[in-house]
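Chain IDs A, B, C and D follow the sequence of writing; residue 1 opens each chain.
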Amino acid sequence: MKSQIVTFLIKCPDQKGLVAKITNFFYDKGFNIVSCQQYVNAIEDTYFMRVRLNADGTDISKVSLEKSFLELATPLDFDWSVNYGDKKQNVAIMVSHTSHNLYDLLERSKEGRLDCNVKVILSNHDKLRPIAKMFNIPFHYLPVTKDGKEVQEKQVMDVLDANEIDLVVMARYMQILSSNFINRYPERIINIHHSFLPAFQGANPYKKAYERGVKLIGATAHYATLDLDEGPIIEQDVKPVTHESTPTTLKIIGADIEKLVLARAVKCHLNYQIIVSGNRAIVFPEAGE
Amino acid sequence: MKSQIVTFLIKCPDQKGLVAKITNFFYDKGFNIVSCQQYVNAIEDTYFMRVRLNADGTDISKVSLEKSFLELATPLDFDWSVNYGDKKQNVAIMVSHTSHNLYDLLERSKEGRLDCNVKVILSNHDKLRPIAKMFNIPFHYLPVTKDGKEVQEKQVMDVLDANEIDLVVMARYMQILSSNFINRYPERIINIHHSFLPAFQGANPYKKAYERGVKLIGATAHYATLDLDEGPIIEQDVKPVTHESTPTTLKIIGADIEKLVLARAVKCHLNYQIIVSGNRAIVFPEAGE
Amino acid sequence: MKSQIVTFLIKCPDQKGLVAKITNFFYDKGFNIVSCQQYVNAIEDTYFMRVRLNADGTDISKVSLEKSFLELATPLDFDWSVNYGDKKQNVAIMVSHTSHNLYDLLERSKEGRLDCNVKVILSNHDKLRPIAKMFNIPFHYLPVTKDGKEVQEKQVMDVLDANEIDLVVMARYMQILSSNFINRYPERIINIHHSFLPAFQGANPYKKAYERGVKLIGATAHYATLDLDEGPIIEQDVKPVTHESTPTTLKIIGADIEKLVLARAVKCHLNYQIIVSGNRAIVFPEAGE
Amino acid sequence: MKSQIVTFLIKCPDQKGLVAKITNFFYDKGFNIVSCQQYVNAIEDTYFMRVRLNADGTDISKVSLEKSFLELATPLDFDWSVNYGDKKQNVAIMVSHTSHNLYDLLERSKEGRLDCNVKVILSNHDKLRPIAKMFNIPFHYLPVTKDGKEVQEKQVMDVLDANEIDLVVMARYMQILSSNFINRYPERIINIHHSFLPAFQGANPYKKAYERGVKLIGATAHYATLDLDEGPIIEQDVKPVTHESTPTTLKIIGADIEKLVLARAVKCHLNYQIIVSGNRAIVFPEAGE
């Protein structure tokens, strides 16, 4: 694993000595602990840790590392995962008509500001194909036909499988996914909603925001779950607006918020900063990364 | 009216020539127009204006000013009001247990940063009496007894009447006002709600915010209407929070947002910057004031 | 001028009756006043107005409009300009190595979120040519050679002239412009500086920000003047940072601020919202535009 | 030390195994590690840790704890300090004419939102005595007379000594402290400067901000050092402003920023969240506190 950054994400019942036991384990194995972030949820009595290791000082194999980690994890009832930072994640972007999030994500990955391979763009409309072409990303136009959404979702899933997709980013994809689809990618579908949830769930949030006369508008990136717009929130932001705003100008102002919020959320996911617990997302800050 | 700043607030159907006609009117009467702010709502085809006048150049009386303004206003179907800036508004602050908004408002008025007379503090609990004492403001402890809320509201209204109250500020007053009470002070009751409405209406917004796992929390100042937490929004603000936050820490973070939001809203009201239209509050910015 | 929006920008000594006189003038000519924004600088006793007119109700010609406006403007000592909104401005973007501002501006203009024609991209390095190609914009590689900067600036100016450029946007162009160049485009060169000016003027602001240990970083868009980084500020914004930040991570965080700040500033300029007065930029907000 | 929260702050050269060794040490001694925050400055190759311990599980004495910790600390070259959370810090507030920071700090400490004893208020003017009286805090009027500042500073230091002051808060104290004074309270004097440093150091920052035409203003809380306004920055914030602002309105807007920034900085200091390194302040976030 030479010169790799290995990241462990751990969730377990809180108990005495956890940080000592875990950091010792890695120290004994010859790792250098690059960063060690923890969070204790005292309400649910749960412990969370994100630890990043530099593997330069060890020649342990993945298999034996995981085998011996299990001996630590099992008695302490760890819910854990490890990433070896040795392969970029494959990302699929799903869109409909709106272009700003797509441009933003493609630019960031192209310029190396998002550590992933954008393998494919899928859409239920053909409109944004030229943007895919600009960035040389395959574009799949998969409309929802009279054969129904089930058929279309099947086509989408086939493309995702064929491209071995690790993360699905819904960059203003205006279709509600079936439970079948969502269950297939647990905590691997990120959606951007154009309001500061839980305000203005569902359709036309900017129109609703205008009608309610709010003085700020926002955007929310969250994992897609069976409950529409109710999944764990990864990132949110807002901007102030005034009475001068119309649904149209709110859309324009909001577009810039949506871009930043979705990009930050995708980056946190790709960077293994997130542990989901119930309906809350624990998002560890970047630690000098 | 020498050396007074006179403020007109006007709302009317949009039509050609309004700004010319209105500004001419005041120019002809010898006023100097200090500022003239307008807003056209193209969706509702409505025109709004806030105009501030320096009366130094004229010796017209209020009566004749309003009489002749009526001749302009009637054919153009104005909904208008005028303030002569010659008397401070009387303010009543209603509280329950929470002190931070009360301190903040009392400090600002004492230090001349809120242009009003805080005449009285009313509460359904006796807890905050010492703060009233510090600032030498009469404190009325009016608990809701078994005689019911109606009786208590009657006592409250008697105090408000006795003090000729122009504006009621609900600074975390944890009682729902009756429609009878609210209808008596149209657009003259400002409430602070400790969430970014319309999210988390009703009770325990910070607990709900924790449970929803939002990444920002906020506060909203609005005019109280018959629909709880649904009145015209005057001011809102938010602060980012993390998964580390508990309902308790959210309360502490939120307190600072609530103070700023309520103080700004009260200032805008006292300064005649607000025109309510339907359920939206047009809040003109300060114009070099 | 049918169905055009005509914008007048006016600056003059403050005096009584200005708004009445100006709005009357346009009303008499048959214009509908779409918006009328004013600002009085009481310290310098100066009056500023931005008025937008709908020309549908009039068939006056530009020539006679300007001729009769002069009769109003001259005695009142107006410094004024008018735009008829009948032709898009030609924009040149100058860059060096950094791509994020270039991507952002090209995307916005391509998607119709910036009302201009990006005619040409100029650079002292060849690195960003592929981006120009993606968006089909001519790219001119004009390096500073041993023949000196004067020669290169001459080449730049020739390209600007050949393309009848109205606005030059320095999107992280890392060369200091000569006074000769700057004087040729007064208030028509917008530069983005990657700090909240006046902090960290000159080179390496992110390195300086790290060393100073600031808790927020920012970006500033301003008109280029003879004094480096000291021109009138159009737009600024900041984001909070922590001690974890390095000069490298500050650069990444800052890139997103730079994009928004420069785009907003360019939009305000293209939209005729700005009047420069001394070293201060009066930036009128969009009025329901 | 039963039911106390013990906080260690550690700074040392970075090296392998630090977190394991430190957390083990405390685990072996029977402490429960409530939170463990670390930061590695890769540029200076320095390691920082803040660890909070619950002493319930141990009956070790302070003396023997520190004695055995030294055996760990010395070979690893720790620069460290420990706080046992068993006594509130004594705070002195120094002011001149401006009241808003004083009100804010007194309210927070009175309401238990700042964990300290405000023992005394010192001022070179008598103006704010009534506020001290409201909160029942001793007020010392110590003017700078013709005998010179040295004499006055001596009087100030006598009061600080008599009150065993742990932290001096300069809440808009408009006097420059001598090096003699500053050296006596290293990292124990917090000053609020009314600009986003390093912009607008020295006098009249709001006037300078107006003249420069900035689009945002801010405030900075920092430790006082020999170089005026150049000490380690603890906290900063800003608010957007427009061309409408005058030096006077900037002061009013700024006051609210100053209050929040100073209060947050003082809270971080009282809560042992800060390690100063060179001219940078490492400020660990609250960890579920």
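As a working rule, contacts are C-beta pairs under 8 Å (C-beta built on N, C-alpha and C of every residue); 3 or more make two chains touch, one makes a residue touch a chain.
In UniProt terms the chains read A, B, C, D = Formyltetrahydrofolate deformylase.
Only a predicted model underlies this, so the values are computations on that prediction, with no experimental measurement involved.
Taking shared numbers over all numbers used, the chain B to chain C interface scores over half, which places it in the same class. Farthest from chain C in terms of Cα centroid separation is D. Computed centre separation for the pair chain B/chain D is 36 angstrom, with centres defined by C-alpha atoms.
A separation of 41 Å divides the Cα centre of chain A from that of chain B.
Among the residues of chain B, those touching two or more other chains are numbered 39, 42, 242, 244, 246, 285, 287-288. Shown here, the protein chains touch in all possible pairs. By the touch rule above, chain C contacts chain B in their complex via residues 16-21, 23-24, 26-27, 32-36, 38-40, 42, 57, 287-288. Those residues of chain C lying in contact with chain A across their complex are 99-100, 103, 107, 111, 113, 134-135, 242, 244, 246, 249, 252, 255-256, 260, 285-289.
Residue ranges of chain B in contact with chain A, taken from their complex: 39, 42-43, 196-200, 211-216, 218, 232-238, 240, 242-244, 246, 279-283, 285.
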